[in-house]
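There are structures below to look over.
Okay, so subunit A shows up in both of these, paired with subunit B first and subunit C after.
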Partner chain A sequence: MRLATRNRLSSGGVLSLPLVWTFLFLFIPYAILFIYSFWEKKFPTFVPAFQFGNYLELMVDPQYVRVLLRTIKIAGLVSLLSLLLAYPYAYFLVHKVKRPGVKLVLYMAVVLPLWVSYLLRAYTWKTILGTQGILNSFLVSTGILSEPSSVFLYNQTAMVVTLTYVFIPFMVMPIYAALEKIPGSLTEASRDLGMSAIQTFVRVTLPLSMPGVIAGFTMTFCLSFGDFIAPFLVGGPDGMMIANVIATQFGAALNWPLGSALALVMLVIVLTIITLSDRLQGVGRGKYA
Partner chain B sequence: MSEVIRIENLRKEFGDVIGVADVSLSIERGEYVTLLGPSGCGKSTLLRMIGGFEAPTSGTIWLDGEDVTDLPPNQRAVNMVFQDYALFPHMTVGQNVGYGLRVSGTPRAEIKPRVAETLSLVGLTDKADTSPAELSGGQRQRVALARAIVRHPKVLLLDEPLSALDANLREQMQVELRNLHNKVGLTFIMVTHDQSEALVMSDRVVVMRDGRVSQTGDPVSLYDAPANSYVADFIGATNLFASPVKASNGKIFVSCFGQELEIDHPAVDGVPAAERLFGFRPEKARLVRANGSVPQGNLLKGRLENVLYHGAMIRSVVVVGEGRILVDTLLDDTFDPARHAGTGDEVFVDIDPHKIMPFARDGAS
Partner chain C sequence: MANRNSRLVTSLSVVSLLMTGTAPAFAEGELNILTWEGYADASAIEPFEKETGCKVNATYVGSNDDFAPKLAAGGGVFDLISPSIDSTAPLIEAGFVEPIDTSKIAEWDNIYEKFRNSGGINKDGEVYGVPYAWGAIAFMYLKDKFETPPTSIAELWNPDLEGKVSLWDDKSALYVAARLNGDTDIYNLTDEQLDAAKKKLAEQRPLIRKYWSTAGELVDLYAAGEVWISNTWAGYQSSLLADKGIEVVEFIPEENAEGWMDSFMIVKGTPNEDCAYKFLNMAVSESGQCAVANVNGYSVANPVAAKNCMTPEQFVALHQDDPDYLDSLLLWENLGERLGDYTNAWNAVKAE
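Showing the complex of A and B:
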């Protein structure tokens, strides 16, 4: 009895710091955003109020819906491209690379860029895709282009490429972990029971690696969904994403209420995706018996 | 009976390590064969080569007259029960068992009854829609069996199938596996490191050592006439000792830890020979308490060091000179604890000259 009380007290003690932290720096800021989102814009600044005008404006003004859809499209393309690149890579690492040393080096090659500043990594693509960039110099020097082209930079393709490069580690890591966890005897059993290598992949390896795919998809999608550096650096005029709009509302436009409403819409979308992916994970999660 | 598997000069190297050195083996249809040996003797590698999971470095595997040495696992009419069962966690028990039928061109309508029939064969009729994770170890084992036999393979391979089960369940499954073998009439090849399991279950045991076959035979002949000291020592317990052979007065004698014993074995003639190995089984000897007088018999004198109780029998450890001799005594109705020697007593070990077996020093004799 006394031990139980003491356990409760000590676990309360351990938990209190993170709880305070979460409350101060996560819950309160969101609560403030929530309150702001009902305030009213009154030139030159804004005043306290309780009205749904900001949310209404987001629904009525087509430019916000357009930016939102574009953001979803780009985040979706980034996740898809990451998946198509990361899955074969992770599969290759787990199943084809036999030497542990080589495996580690190839794995670190993916993870290591995470230690480099995000801004720097995004900026790299500016130097690759720009008119003075590596790509153009190469194409001009080989004679494929007569003069440097500006089509590579400042568009949505450049954004998808940059964001994929930046966030692909978040796809490789969970897929690698999921593939690594599948016991070799399962694929052997499938071959033993008459399935070819491809059938085995489709029926055993792929379904059992789905938790990793879902986790990776969720992370790359949510991270690129909220990104505002890549649009800023390589996006150009039609590359603005939802986070850029929010930044503008809090900055130059000085419309914090609208920015807050937009931020909350974004939060709801991301939370919905995370909840969905959690559900899917629960369905696909196989216990290795 | 006809031959279903023929293995010729099979060899497998893993880099510098030799997994299987040179194995030739013939297995009859319907036989229950066990590959027995300590870990690293090559028994699992041999089984995996038959299953198609390892490519032999050299040699040939014939399955029912067809050379399958280079065929992938999915093109061989053999199926394997894996040590960890390898049940697909994302499928139900029924789907696991039906998995192998989906490719073999079995009509959909036929799969369900075949699965049900096989599940009833292993006593899991009501588990078809359960997830493998919800089953006990013994039940998983049965699902793995059902999944492997549903395709009616020419040979069923079992890789240490019972090693993950606890002792009671293991004994029960030994009987069930044996019954299943009788019922389905398939050829079983099982790998085990457990010599008693091999003796209980098999028609024929292949004892392996260092990638080679040390002896092949039915359990009785392996136990009663081990071809060498390795087999004698690995299967059951054996009191081994090295000695030259000496003849006097028409009798042949060997020396067991400094004391003379008479031996009468057809393989040992009267010709004095250099040192070689001899041995006898603990249960063939008899323990006699020394009561001041020396009893009649073929005797070793020693001191009782320890008595190990095994339930149905006791094993006495007797110190004889530099060595230790084991003597097993059955605890049947004739056993009288009052007359049995206690620890520290002077005792005699009585052994029939016929029961002492000669061995080549090592390897094949």
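Showing the complex of A and C:
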């Protein structure tokens, strides 16, 4: 009895700090954003109100939908490119690298860049992709190009490359974990029953690793969806993403209500994606576990 | 109105308190200044601190858009700010700044009359800012890339320069496009004129390498050979480039250039009023005026002080001898309720 009470107390004690944290730094700020999103822009700043004008404007003015679609496109491309690179890498690590030391080094090679500031890593791409950058010097010195090209930097491709580089660890880690969990006996059984290596991969390994793929896709998508540094550093005149628009509404336009409405739309999209990914992972588990 | 605003400010400061957890403490004799890089240079600040005992902490802004949000997010941090003349009206209107007793500014009458009477710092018979520095939003190009020096804004729409053009990522881009369209009343554009400017900028976009946002970014773009022509804060980036051995030439185009002027304003409720006035006096004295002229390459608001502390060459180079030059610039104006429309128009160009 006394023990149970003490247990409850101590678990309350353990949980209370994260709960306070969540309440103060997640719930309250979002509640404030929510309230602001109904306020009204009125020179010089904005005034309390309850109206849906901000949400209406987001639908009526085509620029917001356009930037939103562009952001979804870029985040989608980043996730896809990350997947195409990360899956073979993780597969290679789990199945082909036999020595644990080498495995650890190769795994850390992916994870280690996370210890370096994001800004620094994104900035580095400027020096690689620029007109007088490393890539151009290489291509010119090897004779592949006759003169430096400007196509590598300040466009959406540069943004996709940079964001892929920055967020790819979040794809490698869950896929690696998922692949490593698959018991070797399953693939052996598949081979014993006459399946080819490719058939085994498509029908056993890939389905069983899907939870990792979905988790990785969700993380890279959501992280690049909210990014506003890459457009600023390596994006061109068509690089503005939704987070940049929110920043200008809070800054230049001093229209916090519209910025809040936009931020909430973004939050809803991200939450939808996370919910969907949760469902998908549930389906995967139900079917194959 | 004032009441509602003060309530807004209070509630916002509560929010910011919750968000930051701690409130910065006021300290008597300590000035917190929100300003541009170079405006609190050691050459002026160190003697000032020694003489007055007022300690100066400077926080730098990257754009004029940073002043209002920082003040709206809760008072009590900054004592002085230095926004440009197009961003002052909302601060006055919202009650973020205090009227200034000009009788306490010894050199007030030496400041250009055009600035002292400017609508940007005057309201209902009260003065809200002490003019500090000014200049043009000039244009600039890489010297060795142009055989005939460009003289018109139209050069930034020249298809031959595809991928070599840059423009400031600011509503100022609309001012540039409007002037090219022949709409000279750039601060009072009608909806049609604003739309035409938008179209003009959309037309130019394929030629743009990158819209620049900070002074350092533009310098990097020129230094890395990415950009050959752009607009610029006259005097500033060109001298940074000159230090790197890159030769650029500034010019005022046929379509004219915008002018800007920064003034220091006192944040409402500052507990350091004494130090604030001492700082304002220093800022428009020889020490403050020549510091900004030397560090940033900007022209200054007090030509009398400038004459005493500048070499004759610098005095002429910064147009301090030439009131007509100042008059020819389209001095930035507050856009009032139209600010939102201008900002949205510029965002729409970038959203295309």
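By definition in this document, the second predicted complex is superposed on the first by the 282 of 289 C-alpha atoms of A that agree within 3 Å, B and C clash if a C-alpha of one lies under 4 Å from a C-alpha of the other, contacts with A are read in each partner's own complex, and residues count from 1 in each chain.
Heads up, the rule we're going with is that a residue touches a chain if its C-beta (ideal position, glycine included) is under 8 Å from a C-beta of that chain, and two chains touch if they have at least 3 such contacts.
Please read these numbers as outputs of a predicted model, since none were measured by experiment.
Asks: Consider subunit A as the common anchor and indicate whether subunit B and subunit C clash or fit when overlaid.
Replies: Result for subunit B and subunit C: fit.
Asks: First (subunit B), second (subunit C), both or neither: which does A:245 touch?
Replies: The answer is second: A:245 touches subunit C but not subunit B.
Asks: Contact-wise, after the overlay, does A:88 reach subunit B, subunit C, both or neither (first, second, both, neither)?
Replies: After superposing on A, A:88 lies clear of both subunit B and subunit C.
Asks: Mind telling me which of the two, subunit B or subunit C, contacts the most residues of subunit A?
Replies: Touched residues of subunit A are more numerous for C.
Asks: So in the superposed three-chain picture, is A:189 touching just subunit B, just subunit C, both, or none of them (first/second/both/neither)?
Replies: First partner only, subunit B.
Asks: One more residue to check, A:199. First (subunit B), second (subunit C), both or neither?
Replies: First partner only, subunit B.
Asks: Please state, to the nearest 10 degrees, the angle that the Cα centres of subunit B and subunit C subtend at the Cα centre of subunit A after superposition.
Replies: 160
Asks: Under the stated touch criterion, which partner chain does A:45 make contact with: subunit B (first), subunit C (second), both, or neither?
Replies: The second partner, subunit C, only.
Asks: One more residue to check, A:254. First (subunit B), second (subunit C), both or neither?
Replies: In the superposition, A:254 contacts subunit C only.
Asks: Output check: A:208 vs subunit B and subunit C. Expected answer is one of first, second, both, neither. What do you get?
Replies: Once the two structures are laid over each other on A, A:208 reaches subunit B alone.
Asks: Considering only touches as defined above, state whether A:131 meets subunit B (first), subunit C (second), both or neither.
Replies: second
Asks: What's the minimum Cα gap, in whole angstrom, linking subunit B and subunit C in the superposed view?
Replies: So the smallest C-alpha to C-alpha spacing between these two chains is 45 Å.
Asks: Could you pull out which residues of subunit A sit against subunit B in one structure and against subunit C in the other?
Replies: Looking at subunit A, the two contact sets are disjoint.
Asks: Please output the residues of subunit C touching subunit A within their complex, sorted ascending.
Replies: These residues of subunit C touch subunit A: 4-5, 8, 15, 18-19, 63, 65-66, 68-69, 72, 89-91, 93-94, 163, 170-171, 205, 208-211, 213, 224-226, 336-337, 339-340, 343-344, 347-348, 350-352.
Asks: For subunit A, which residues count as touching subunit C in their complex?
Replies: For this pair, the touching residues of subunit A are 24-25, 28-29, 32, 41, 43-45, 47-48, 61, 63-64, 66-67, 70, 130-133, 150, 153-154, 232, 235-238, 240, 245, 248, 250-256.
Asks: Residue numbers of subunit B touching subunit A in their complex, please.
Replies: Residues 51-53, 72-74, 78-80, 82-90, 99-100, 103-104, 131-133, 135, 140, 147-148, 151.
Asks: Show me the residue ranges of subunit A that touch subunit B in the complex, using the header's touch definition.
Replies: 183, 185-186, 188-196, 199, 203-204, 207-208, 284, 286-289
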